[in-house]
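In the two assemblies presented below, subunit A is common to both, partnered first by subunit B and then by subunit C.
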Partner chain A sequence: MSEEVRFDDAYVPSEDVVAREIEGEIVIIPLVSDIGDIEDELYTLNETGRAVWGKLDGARPLRRVAAELAEEFEAPIEDIERDVLGLVRELVSRRMVVKKD
Partner chain B sequence: MSPPRTGYVRRVRRDEAPLWPGARPLLTWLDLELTERCNCDCVHCSVNRPAGDPEAKRSELATAEVERLLEAAAGLGCLSVRLTGGEPLLREDFADIYLFARKLGLRTMIFTNAALVTPALAELFARVPPLESLEVSVYGLERGTHEAVTRTPGSFAAARRGLALLAERRVPFYIKGALLPGNAVEREPFERWARGVSGQARPAWVRFLDLRSRRDDDGKNALIRGLRAAPEDVRRDTAALPAADRAELLGFIAAHGGPAGDRLFTCLSTGGKGAVDAYGTFQYCLLLRHPETVFDLKKGTLRTAVTDHLPAVRAMKARDPEYLGRCGRCFLKAFCLQCPAKSWAEHGTLDTPVEYLCAVAHAQAVGLGVLAEGEKAWTVEDWKARIDRPAGAGGGDRQPVRECSQ
Partner chain C sequence: MEPSAPVRERGELRLSADSLTALMGDVLAKGKAFRFRAKGSSMSPFVKDGDVITVSPLRGRQPRTGEIVAFIHPKTGRAAVHRVVRAVAAGFLLRGDNSQDADGVLPGERILGVLTEVVRDGKRIQGVRGPGSRLLALLSRSGGLARGLGFLRRLVRGTERGAP
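Up next is the complex of A and B:
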């Protein structure tokens, strides 16, 4: 069963992955053997993903992450919230971020 | 912020189309020699210094320096590092360095003799996989054969213990060896054993042994020369290869044959790569320590080494008339192991032909039917016709006979 992602929770990159910025791209590299095909796979984030990833510090709940991005990008908060939720759901399902207790 | 609303995360295979559109990482692979010291004293080794050598140990990069170097490499886009030596596991901080590399996301290849693999280390490799098979040097099926090469009592049992620890934890490893007069008789059973323990098709054999890369020991060089495979044996073995292996070699020659002229650096395996020795000197490859080709990382950054120094080295031209008249005109240039590193080790120059390598390349070519007995490849006018890819030949991407550890 997939984990529920809520706006009141804060998320942080999992210790099972490494994220590196290379030539402006965020590259996520699995560190342990049960994420994807560790032998051959890397993951990159799209523009939306990059913007959100940088704010997943475990301190800011997703609601605040969305609010900050809406201000930075001068975009409707509803659109931003949808993106944040979509991205974090995808990252959680891939075990690349975890909820901060 | 502009959507897409889905597909926020893109999965990319490492060997796939560029991660970085319009740009290439400055460095994709780093060879890192953690120490020249080794717990063995192999008869054929071109690097090793005694395990307890105080001067070597004192001069090695400190843990923090190695970590800064790995960080710098990762910052340049590097995705893989090879930790080698000497015996890298001799370093007391090996586990820390390994884990640091892996936490940077670097795939980590380790060259080792396995004798120093502990349960804790095997456990670490199982928990945080290196993502590359460990490459383990083994020299014989029996204690006597193995230790005649390592000249280190107890090294056979220690290596077998290490291999067992890796196997118990399902840490992938690959067996390689040096085919020497003393162990050649074991070749077939050794290959069966290697297949059994590692699953690999066959071990990587080295026969065309390198001389000391520090040019520091004439006596050892004389010993190494005496252990090298004789060209006549190489010709015979090549002629007797199975059809698929012959096709592979012929495919390689077809794909990469042709004279190199005055180009000095023609190695097919060094694009995007760099090497750093145990003391913080950047090198084109780990064998090449000619002073005109190295860069002191205590005086400049890894980025400068990669962006300024390396291209200048690659642009160097051959000047030696004999080299230009032979190697420069030889259609087997890519097939032959002659390179600046080998020239350095043999002659202290970058562009002097290495007679032994020339002889074994010719012996292989005769064995394959590409050259006639006594014919010199640089005199062949119709070389294009000679290397027309035979039916069924391989694609030529592998370098199955180059035997270059780099």
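Up next is the complex of A and C:
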């Protein structure tokens, strides 16, 4: 069963990934079975993903993340919230971010 | 903001040597192994161009003579994978088995990790860390391995040319 992602929760990159900004993209390597295998699994985030990823610090709930991005990108908050929620759901399902307790 | 399908799997992403070095350093610093596709022929025939190799962290121990290690090359600043041919007071003398010249002596902190697996065409290559590695280090140190491999290649080419 997939974990529920809520706007009131804060999220943080998992300890089980290595992430680094390379040539304008966030590159994420999952550490599966104690191996970072770039031949098997390597992910990148586009501009949207990079903007969200940079704010997943475990302190800001997703509602605040979305509000900040809506202001920065001068975009409708409803669109941003949808994007943030969609991305974080995907990142959670791939175990790249975890909810901050 | 763009509409998202923001997580992309590998796709057309090409990592530069500098990026690969940085990612390897990040993964090994977390105490995890790093698996990637080798490029070049300086460790041929033990590691060939296109082999998928795994570099594991040393976890506090020093590399041993004969082991193949990943390190930051002093000339290029990029990761390379060569053999430890001798341990000296200042560090470790490294050399590619198929290289004409040694890389010089590197302090231990420039060594990122040790080669623990080589996979070629989907098959695991045996003997990466076997008992023969010290002998290979001795041969490599004297340049005998590169000369021997060159001789073998010439011999094979000569045989192929001479074949009916």
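The definition used in the following text is that the second predicted complex is superposed on the first by the 95 of 101 C-alpha atoms of A that agree within 3 Å, B and C clash if a C-alpha of one lies under 4 Å from a C-alpha of the other, contacts with A are read in each partner's own complex, and residues count from 1 in each chain.
We take it that contacts are C-beta pairs under 8 Å (C-beta built on N, C-alpha and C of every residue); 3 or more make two chains touch, one makes a residue touch a chain.
Given the structure is predicted, the values throughout are model-derived calculations rather than measurements.
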Evaluate whether subunit B and subunit C can sit on subunit A together after superposition, giving fit or clash.
clash
Please indicate which partner A:Val97 is in contact with in the superposed arrangement: first for subunit B, second for subunit C, both, or neither.
neither
Check the residue A:Ala66 against both partner chains and state whether it touches subunit B (first), subunit C (second), both, or neither.
neither
Can A:Leu56 be said to touch subunit B (first), subunit C (second), both, or neither?
neither
Steric overlap of subunit B with subunit C in the superposed model, located at which of 184-192, 256-264, 364-372 or 382-390:
364-372
Taking the two structures together, which residues of subunit A meet both subunit B and subunit C?
18, 20, 22-23, 25, 27, 29, 31, 36, 38-49, 51-52, 69, 73, 75, 79-80, 83, 86-87, 90-91, 94
Any idea which subunit B residues touch subunit A in the complex?
1-15, 19-20, 23, 25, 74-75, 77, 79, 102-105, 127-129, 131
For subunit A, which residues are in contact with subunit B within the complex?
18, 20, 22-25, 27-29, 31-33, 36, 38-49, 51-52, 69, 73, 75, 79-80, 82-83, 86-87, 90-91, 94, 96
For the complex, which residues does subunit A have touching subunit C?
18, 20, 22-23, 25, 27, 29, 31, 34-49, 51-52, 69, 73, 75, 79-80, 83, 86-87, 90-91, 94
Subunit A touches which residues of subunit C in the complex?
1-4, 6-11, 13, 15-16, 19-20, 22-23, 26-27, 30-37, 52, 54
